[in-house]
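In the two complexes below, chain A is the common chain; its partner is chain B in one and chain C in the other.
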Partner chain A sequence: MEPHELDQDDFIAQVQSFEFWFEAVEGYLGDKPYGRDAEVPEPPLDDLERDALVTTLCNYCVGEAAALEASSGLVRLAPNHHAQIFLATQVADEARHLEVFLHRLAELGITDARAEVERRANPGLLAFKERLLRFVDAGDWEAAVFAQNVVLESMEDTVFRFHASVADPKTQQVLEGVVADERRHLGFGENDLGRRLARHPEDRERLAAVRAELDPLVLRSFEEAYEALGLGRDDRPSLGRDYLHSVERLGLTA
Partner chain B sequence: MTDFLSQYSIQRWLEMCPQGYLEDTVYGHGPDQHEPEELLDNEVLREASIAVTVQLVAGERCALAASSGLVNAAPDYPSKRFLATQTLDEARHVEIFTQRLFDLGVKKDDLESTIQAYTNPNLVKFAEVLLEKVADGDFVAGVVGQNIVLEGMAFTVFELLQATSVEANPKFAHTLAGTIADERRHVGFGENRIGSLIRQHPEKRAEIERMQGEMSYHMLATFADVFGASGESMDEGRKMAEAHGVEPEATWHGADLAHASAEEMEAVLSDTVLKEFKVRLGRIGLEYQSPKVPA
Partner chain C sequence: MSDAAEALVEAAGDGAAPRRTFELEDTGFLEVPKRWRRFYRHWGGPDDELGPNEVVCPVCKVVIRSHRELRPGDKVYCMPCMSRMVVVARPDGRLEAEVIY
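For the complex of A and B:
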């Protein structure tokens, strides 16, 4: 039976299972070691282009390490075993994203990725990571799922889709596989919180306050990324607007 | 260390596990494999199978909580990535053993009450000792408790269950084969990664050895309870096998599976697990602690 034909409980049991994840990733990761076709050649990049790509990938690693630590911390907070199993699949996805970006950095000649990531990380993104992990450490499921599976995933989805549209073919393939995962994670966050908010509309105000706290950190991260890449005002894509539009779907007005 | 850890990457895991031995399986077994009708029709055997499977679910839930909890405590990216694969492996094990409970006739609405009713209290204590270390963010103790003690126990229990199921219940044996392959990888990581960390932190030895002794005690108490209650179901299982001309694999670590008593089975399982502990702990530079014998 197709997932959309199932009642809500069976639908959740199906889409939050290892089996569902297994079938989903088989489709787009089969025969793609480290997220891309092995035969795609390394693109010719000048020093400036290479340096900009390294900075961007380092910041992706910050985001993915944050997502890995947050999603693994969320497993113990999950309210039921279906959510726990879904989050376990997300833990593996986030670890894979970190791995493919680190692998791409290695292909670009970075030998000490950890040091390079520390050196190039945007302060706004680090502040976001710290806030996210504080929600997880405090055991605040709603705020942590919102920050991780709605805000962070929306930010990444916006950035990765834009980057994939202008990236070299190798980086593009890696990003497309990551985006496919992110959409699943975003779906979980919106579905879980959407159902909770329908049952407890009083939680809207609290999550709107969380959003009001996180939005500036996300927008600051975008600005810092543009500056690191040396993009002039007229050349900057409208990622902030796209992000705000994406995160708006839950109707939480900051 | 980097070379060894590259064997535990996500990419390697994808190639070995989902694209390897799990390919073309559903809930860890062949799509056409089912629980034997004779088992489902025999109330003693069905209930005993539910009771055993509940212990597997409880153990795997503990392993899922522990491995996900250890990701943040891991000191390097490769260890975090390996633990991410282990988190997903453990979630898969929770899922396939839970599915087996449904296959054995447990209703979805009765799942949690069934698990609560059958989970052995000593297994709960075993899990609590480990999860306390994880909650404290103690990576070295957590990995020894999880990847050497818990996984070492699970590995041996699964091997015994597989040996007794391979003829009588090929579906369950197939499910177990995949989990055994996973556990082997987890134990390998524990041995390889923790040895160097123990050498760097010799001051942690005594505390970790104490934890192992405590976990081993609760494990032996669980075995004693489970085998103490299994006489009737073992007899029923053998009668069923005889009626269908099925001979279980002749021996397992010297025990005659077709004729050994519950006490003999408990003894051989306990001995095998404890011997494994000694060898594996020795490899990482820890001294095995003999647990007290449960009353």
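For the complex of A and C:
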């Protein structure tokens, strides 16, 4: 049988299940402690390269902690059991991401990660996190899913992919595992919102306003992330092209 | 297109040309449970030539594969990102997938 022959409801029940998640992550993470092969050697980094990587990883920790806190809050707001179960898997994914980035920081000699993250966190990302958690605290499912699973996940996906293409082998493997997880999160967000907007097209205007509010924070976060990666303006991959395609498909363009 | 060894021609009952069918091999895509892995593969970018049984998921950029040659109107599922799609033909004849919610 092909997956394409599944009944629509069966498809959603299957891909949002804990069973599906467990078998999927076992496939690409099962033999990778902290997200990478155990025998990958520590790369030689000079002081500047190490410092830039520490700053970048600290900001990844900010993003992952935001997603961990937000997705755990969203479990309570989920509209049905399948979505609730899926979000529980996302909570586990986000906790793992935070853990592998903290572990990588420890490998780079950071002994007080909390203080280091606080010191190096970029203001745009902190402002985004604060706004996301306010949506969750207000019980606003649509805005929170949009902010987290469409905006934040798209941003992370773009930056992580690019970073993986230029990173040292150890960081690269960690990032590739995270990107594989992000596919599920991105897809959940877009598809959940897409179904809702198809039923309630009047909500599109409100979400477009949320988008307009978040966009400057997203762009600022992108810019700051690329600066931390040491990229000149001409070398930066197109800012959020996938994010823009996603909001276009959802009809959230201005 | 990585394998897509042409195996059979499936008779069409609606007067349309018969569809080719393909044997799918596992290409090492690990992000779904084992039984579904051969239906997906990593996309190699714009230079990656797709088979007549393949389309790229616009949401997560994974190649979605089928045993059958794909045609406009076919429904396909992207398990890695949980998206449902319909196959459409572009004016230049290329097949693409459009997300349906």
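Just so we're on the same page, the second predicted complex is superposed on the first by the 226 of 254 C-alpha atoms of A that agree within 3 Å, B and C clash if a C-alpha of one lies under 4 Å from a C-alpha of the other, contacts with A are read in each partner's own complex, and residues count from 1 in each chain.
Quick note on the criterion: contacts are C-beta pairs under 8 Å (C-beta built on N, C-alpha and C of every residue); 3 or more make two chains touch, one makes a residue touch a chain.
Source: prediction; values computed, not measured.
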Superposition on chain A - do chain B and chain C clash or fit: fit
May I ask you to decide whether A:18 touches chain B, chain C, both, or neither, giving the answer as first, second, both or neither? first
Which of chain B and chain C A:152 touches, first, second, both or neither: neither
State whether A:114 touches chain B only (first), chain C only (second), both chains, or neither. first
Name the contact category of A:246: first (chain B only), second (chain C only), both, or neither. second
Taking the superposition as given, does A:184 touch the first partner, chain B, the second, chain C, both, or neither? second
Now for A:210: first (chain B), second (chain C), both, or neither, which partner does it touch? neither
Which holds for A:57: it touches chain B only (first), chain C only (second), both, or neither? neither
With the two complexes overlaid on chain A, what is the closest approach of chain B to chain C, counting only CA atoms, in Å? 12
Shared chain A contacts, counted only where both chain B and chain C touch the same residue: 19
Complex contact set, residues of chain A against chain C: 2-4, 6, 8, 11-12, 14-16, 19-20, 23-24, 27-28, 180, 183-184, 186-188, 190-191, 194-195, 197-198, 242, 245-246, 249
Please output the residues of chain B touching chain A within their complex, sorted ascending. 9-11, 13-15, 18-19, 22, 26-27, 61, 64-65, 68-69, 71-72, 76-77, 80-81, 83-85, 87-88, 90-92, 94-95, 98
Chain A residues touching chain B - in the complex, by the definition given at the top: 17-19, 22, 25-26, 29-30, 33-34, 65, 68-69, 72-73, 75-76, 81, 84-85, 87-89, 91-92, 94-96, 98-99, 102-103, 113-114
Would you pull the chain C residues touching chain A in the complex into a rising list? 30-34, 36-37, 39, 58-62, 64, 66-67, 74-84, 99, 101
